[in-house]
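Heads up, there are several structures right after this.
You will see chain A twice below: alongside chain B first, and alongside chain C after that.
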Partner chain A sequence: MMNLSRSVALISLFLLPLLSFSFSVDNPTDRRVLVLLDDLSLKSSHSIFFSTLKSRGFDLDFKLAEDSKLALQRYGQYLYDGLIIFAPSTERFGGSLDSKSIADFVDSGRDLILSADTSASDLIRGIALECGVDFDEDSSAMVIDHSSFSVSDVDGDHTLIAADDLVKSHAILGKTKIEAPVLFRGVAHSLNPTNNLVLKVLSASPSAYSANPSSKLSSPPQLTGSAISLVSVMQARNNARVVISGSLQLFSDKLFRSGVQKAGSPNKYEKSGNEQFATELSKWVFHERGHLKAGSLVHHRVGETDEPAIYRIKDDLEFSVEILEWSGKSWEPYVADDVQVQFYMMSPYVLKTLSTDKKGLFHTSFKVPDVYGVFQFKVEYEKLGYTTLSLSKQIPVRPYRHNEYERFIPTAYPYYGACFTTMAGFFVFSFVYLYHK
Partner chain B sequence: MGGKQDPTANGSPKSESMGAKKASPDLLNSSFSFKSLKLKTKQQELLLRVSILGLVYVLAFIARLFSVLRYESMIHEFDPYFNYRTTLYLTEKGFYEFWNWFDSESWYPLGRIIGGTLYPGLMVTAALIYWTLRFLRFFVHIREVCVLTAPFFASNTTIVAYFFGKEIWDTGAGLVAAALIAICPGYISRSVAGSYDNEAVAIFALLLTFYLFVKAVKTGSLSWALGSAFGYFYMVSAWGGYVFIINLVPLYVLVLLITGRYSMRLYVAYNCMYILGMLLAMQIRFVGFQHVQSGEHMGAMGVFLLMQVFYFLDWVKYQLNDTKLFQTFLRITVTSAILVGGIALGVGTASGYISPWTGRFYSLLDPTYAKDHIPIIASVSEHQPTAWSSFMFDYHILLFLFPAGLYFCFKRLSDATIFIVMYGLTSLYFAGVMVRLILVATPAVCLISAIAVSATVKNLTSLLRTKQKVPQTGSTKGVGSSKSSSKVTLDQSQPFQKNGAIALLVGVFYLLSRYAIHCTWVTSEAYSSPSIVLAARGAHGNRIIFDDYREAYYWLRQNTPTDAKVMSWWDYGYQITAMGNRTVIVDNNTWNNTHIATVGRAMSSYEDEAYDIMRSLDVNYVLVVFGGVTGYSSDDINKFLWMVRIGGGVYPVIKEPDYLVNGEFRVDKGASPKMLNCLMYKLCYYRFGELVTEYGKPTGYDRARGVEIGNKDIKLEHLEEAYTTSNWIVRIYRVKPPTNRL
Partner chain C sequence: MLAVKVSTVLGSKTAALNVKLAQALSSGSKGSVINNQELKFDADSATYFLDSFPENFDVGKYTFVFEILLDESAQEKLYITEAQTKIPIAATGAISIENAEIAVLDGDVGSVESQKKLDLTKDGAVSLSANHLQKLRLSYQLNTPLGHVFKPHQAFLKLKHESQVEHIFLVKTSGKKSELVLDFLGLVEKLYYLSGKYEIQLTIGDASMENSLLSNIGHIELDLPERPEKAAQPPVQPTDPYSRYGPKAEISHIFRVPEKLPAKQLSLVFLGLIVLPFIAFLIGLTRLGVNIKSFPSSVGAATSALLFHGGIGAVLNIKALSLLGVFLSFVGHSTLSHLASASNKLKSA
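What follows is the complex of A and B.
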């Protein structure tokens, strides 16, 4: 009895971390999300957004950004899987939080939604900069668009933008097309051109520019046209996802509910695209969609099943890899016709598109090139909105062994013949020469 | 402390080498003591000769054991580590696996076919010794066999030198030659225990081939020629220096032809040796068809054909009794033969069937060639032209005994002496071009010097003896009789001759004993350092050991993933694979210049450019050797200009003047900005600016170059320090993965 109870206790001890650690490789969707607000009233003014998250099973933990007990991790373990920062004006976080710890949070593979607004603080700008996004330096500047503003913009300064230039990706924005324009009021940002991980999800129209709406424009605005990004996403190399929005209002109940009509357009929509846009984006950023997982790369000679330690040149081999997609609840087979494998040594010697059996298994077969060296099977799958798959497996390729060459070459038979007749002739000649007379 | 050991070790070589030289005078003295044993003079002589040879044999072995006593039984330097690694593989996996070995751990990602790119003679020899010992139930480790292979073969060389000396002069010269070569520093430098390199067995094979060939020419016997062909085969299997044989032998034959010494003996010896030697050499994969396809081997083939023409003409001359007719025939044949040969060579070269001479061969004929065209050959320290001091260091008294020996050789010209003269002169020229070729010249220098010593001593002692028994001299001394008889005639006229002879003999013995002392000193002080373990004298005269290399390699072995790729300058490639068991990008087998240039480019670029190169080569670790703390001067900073040159040779973006200031290589504040920020500088001097290396000097004082460094605030972006050995000699950096968000 003692033994049994002890073993049960032991088992539960082992299971405990497994049970509590919901965010894992097997279950990539975030569960525990920290929401930082600079004003608790945001909780009610953005309640639709938060309630959709809650209804999808997220465990939201609302905290004031200045809260002195703020901490992302305890005893080296992260307490949250995701972070939403709706605190554009916060100059300093409370507790142990700063821009570096948020960068570390992202670098640990966790996700972030960051929303700035006009007069965003340096802290927020700094975090955005870490993710490859530059907000307009002028803190009072807003995005102004005199041609694609929303007609419901009563102020007349055309800062409520009806944007419909969305990125075309089912992975990021879902399969259902967002018909209504997305209402946006906030600050413009541009992307760091050297950073190729960040991309625009919602761009401004060519006629937009970034300036202070209440003062007269003295010099040409620095950010203009479609260089302005309104909402951007960044997927880091470890597949941590970040959404950066220039407008906090975009997520608000008010814009979620308001109707929209783009200036100069006859289409009038009862409801703006904001809700759909924000919901779909949150699904992407919290890994409910577009998350791929690959098994190990499997290869073997044709007709064999075991993986060899080395190939010979001109061997025929079969290659396969299993790729699964996370549907939000379970792993489903991933179906695509654009997954490629490289047989790579400094440059790809073989580049083949893998065919799929629709059950998640991608496979192909090819002949090892007539070059020896240390090769790699490489699967570099970078598809917009999906997690990047970067797999490689090293395998040396050797030349023929001494006894693997063709033994008797038909074209050389005259030479063999010549050789042996010479030998025989010499033998006969010796006898004749020595014993003749 | 080290000096204290010398006298004890010194004693034996001195006495024995002198004993060897005393061969002939001892004969006289010892004959009295042996009289009681009732041995005949011949038997006494044989006994003496065998015992002297036996002592020389042992001496040659033990003189090379300094390094084992000083340090431990370990493999030295760079190339021997590769040889050791391959030998280990051979003994573990057997010959066929070795023969077909594709090594994926070096030259990543190209790999290297070991079986097809090495001379297997050394490894097979060591493995055979190992297997024999195991068969005899001596369970030794393969490393011990490898360490002692070189001394063992040096001992064998003394025996060959004896027979060779006997062949070209007489037994006395043979004994002296054996004694001289046993301790000659020029040879010891490459054959101390642990110096497990191709040269260790190759010099034995070289001398054996020459000896057997000279013997074959002398006797005209097929069996000696066959033996010589097998000797040549062994040489080809052991060392690339076989090219020297395949060019010297035809040259010798050509000289004999020109000087009218053509004979049937020569015809038999050369044809048999060339044909069989060539066929045998083709069995070595690395050599393959070079004997019929490469420019370096064409001379031998030309001489072979010339010999046939010669023989044919001889026959025609014998058939035609008419001289006039023969003259016309001769003219036509010679012209057409030369024409056909020239056309064949021209077509072969133009079509690419016959490859042109290699860079190494060119640089031998034209010492400035490598410097202008092939920096990778010029960069190797042992390919530098020889300084006079190193001739003196390696040959000592042999340097002026050599001309004297040449004099004796010319005095008594024969086929054999012509050979040794040619061998001596050509190899001495090559020794002047490249430091490492002193080794090839050493046997010839020893043999010719031995002739000088032996002939002089013999003449002097016969003078001493003829004083007592004038009438007997002519008959007892068959060899050098003309010399002694002329002395005998002089003898009558010069009153102080005996005293003069005694004085001269004393002088000779003094010189020889100085030689013995010098050789022992050089061996113990200069040539017994393993170079992988460094030793220095401390402030109190105590010995300080820097074992940083092995420390670093063992760190790599224990702390890095097994498939990690290490980038370093090629010098350390073999050691990293052998001791660290990790994949390297380039190593000492410098077969791919572009790959080495890529590494050179990475080392001489800025960090971010270098990072791209390192990423493309999948580099995980970078290893640099740095002597700024210990004052170790052959470190990567001092080698750095070669990296720039070799890198610049392939990638013109790297320009040497960028790293120099007014043509001067500096690392202090006056250094060029590119120099101060290139990867090699950063990796060597990272955190060095905080360190006080010498009392009374500012921080960051580089002791190897004696300056305060110019860039003390070094920040690394894409690399991080992984390990630095206790004396900072080896520094290892980890290449970071690309940043997560950029």
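What follows is the complex of A and C.
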């Protein structure tokens, strides 16, 4: 008995440091990342990508996808904050990993980078389907583009695409524009049109299609044109981020270093946009950028500082909220001009855009509507590439008290006059009647 | 020009070798186009090259079979890994596109209703219209530089409706030309019965085609019958992500407008009208010659009289009603009885 409790104590002592090295509310960047490979040679063929991650402070743990000791959790605690799956041909993961445990991993708010390649096993397709991404059903199909291929395509079948249709988002791809096209060779996927959470980061050009390059087409391909997504992202409602790529070669050293020239274009670039693209995307997915935090909502009447328990209709009130953005190392004030607040009861009665003092404080003032009831101040902020903010605070609104109305109503002056003249008349009459002689 | 580099397994230079292009097997036809062509060695760049290809070497996919033989003068022990090395090669060239035209054909007869010539190297602005009883025909001819018929890997005609619903058709090549006939009568259900403006886009491409093209030919107005109840709905189209995330329109509450009250001046006018009778009363009283002569002169009576009138005034102010009421009844009784006795004295006197 003693031994058991002692060993449990020892184990939990060892676990404590593990717990402190994960992401937290104050420090949202991921720390420990599990990298699953189906071939350990990927460590060297993709070494630039992994070394940039390590240089930014990530703790990478490389394992074979079929390793039987794989585990994401131990004793109910997650061991990793992020997961990179570079194992496109793995049919079954080892250990306790399967597509359900990976879905639970993302549900817990943790991030994932998933990459398929020229072949994608059913397991990888299943995980992608959970995130709203549909890979091409034909397992021998690749993305072919006869107008947008890279001139350095060795195989000559136009499967090495030079793609430059990137999503316009500073949060996802950084402020510096990616000048050179991104080289891609792999499978196509499309996004479920009813899914609001997925987004195409790198799309194919209108002349692209997904087919087997070595056999003739007998029927029109399912995926063509800009509906083909080459790299997509998903931000779940709990702000977990997932990147799904159709090409593992996109992250390889070979394509990082290669020059690129798009067919038909005179621009020749010494270095492809792959390294910048992969680095910026990894910054976004591991919450180094685009992560917002909001303080509590503050509201009070104009001229006061305390928050009242109840408002009266037609009161003038001031509202403010503080929003900070994580820069990767510290919380910086967030600057934007599209944060809005709603004064809401079943539907918004007032919706105003907040103005910022550029130090992270967003404020506005408005008049309380003349409707009684229990209202909520709601800030629901959704911006492309940023975490969603959903804040609310409840406050009741009462009507006028009986003594808050105007004292004398001008329209009633005749009535007042009638009353008083009657009184005065009676007073005079009482004198006259008694003392008249 | 074809240049070949041969190296040892570790990548260093080799001794004198004899490199030969044994065969160039085309993916389409049987037989080899090139047979046993020896490659010349260029000492400067250490490559073996072939600078001229036979005349019948056309555009397309080939598999080149190389054979490497040791030169007889080689002294050392050298081994060659493979007797024949097969490498897939795509020979590219510019494909010519001729006689491209698009036409709307009438029903079963097939007579041409409207026909337009196309220049596929640039976007066009063709405008056609058709109903479900007609057909659309697109035809063109693709030829390799040597004049043979070319079958591209990708030959799509895309019809895109205003609501972003897209349909793709393959243009098949047979014999001398490539042609696609769309019979709208059979396609009505596939098109989800959506009438309206469809944009026409043609994409032709191939690995061996240097001038792959995407051409927006123009648009066609399709008039299709009404959708019956059981027909499939067109698929949902994705929303534009940029518009999904934008800020919402501002709402400001419209306060309930208080009822329209008459102007203040009007109320004052009526106040004046109300006060008028009182003034008239006062004037009337003075006209009548009223006086307050019989106001009691003795102090006690005078005080009670004053208090009596003060009390009436106070009552009219509706303050402290109950106490006043009691007070008033006493004082009033004393005043009025005094008055009554005074008038009695007068009457008796």
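Everything that follows uses one rule, which is that the second predicted complex is superposed on the first by the 397 of 437 C-alpha atoms of A that agree within 3 Å, B and C clash if a C-alpha of one lies under 4 Å from a C-alpha of the other, contacts with A are read in each partner's own complex, and residues count from 1 in each chain.
Everything below uses one rule, namely that a contact is a pair of C-beta atoms (placed from the backbone, for glycine too) under 8 Å apart; a residue touches a chain by one contact, two chains touch by 3 or more.
Keep in mind it's a predicted model, so treat the numbers as computed, not measured.
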{"item": "Room on chain A for both chain B and chain C (clash or fit)", "value": "fit"}
{"item": "Which of chain B and chain C A:Thr194 touches, first, second, both or neither", "value": "both"}
{"item": "First (chain B), second (chain C), both or neither touched by A:Pro348", "value": "second"}
{"item": "Chain B versus chain C as contact partner of A:Ala240, first or second or both or neither", "value": "first"}
{"item": "Which superposed partner A:Gly303 touches (first chain B, second chain C, both, neither)", "value": "neither"}
{"item": "Which superposed partner A:Ser207 touches (first chain B, second chain C, both, neither)", "value": "second"}
{"item": "First, second, both or neither for A:Ala418, with chain B first and chain C second", "value": "second"}
{"item": "Chain B or chain C, by number of chain A residues touched", "value": "C"}
{"item": "Chain B versus chain C as contact partner of A:Glu130, first or second or both or neither", "value": "first"}
{"item": "Partner chain(s) touched by A:Arg401 [first = chain B, second = chain C, both, neither]", "value": "first"}
{"item": "Overlay on chain A, chain C to chain B nearest C-alpha distance, Å", "value": "14"}
{"item": "Common interface positions of chain A, toward chain B and toward chain C", "value": "194"}
{"item": "Chain A partner contacts - residues on chain B that touch it in the complex", "value": "96, 99-100, 102, 104, 108-111, 113, 563, 583, 616, 737-742"}
{"item": "Chain A to chain C touching residues, read off their complex", "value": "144-147, 155-158, 167-168, 191, 193-194, 196, 199-200, 206-207, 209, 211, 213, 216-217, 219-221, 224-225, 227, 314, 338, 340, 342-343, 348-353, 366-367, 369-371, 382-384, 409-414, 416-418, 421, 423-428, 430-432, 434-437"}
{"item": "Residue ranges of chain C in contact with chain A within the complex", "value": "88-90, 92, 151, 153-154, 156, 158, 166, 168-170, 201, 203, 205-209, 212-214, 235-239, 241-242, 244-253, 255-256, 261-262, 264, 267-268, 270-271, 273-275, 277-278, 281-282, 285, 290-295, 305, 309, 312-313, 316, 335, 339"}
{"item": "Contacting residues of chain A [partner chain B, same complex]", "value": "103, 106-107, 130-132, 194-195, 197, 234, 236-238, 240, 310, 345-346, 372-376, 394, 396-399, 401-402"}
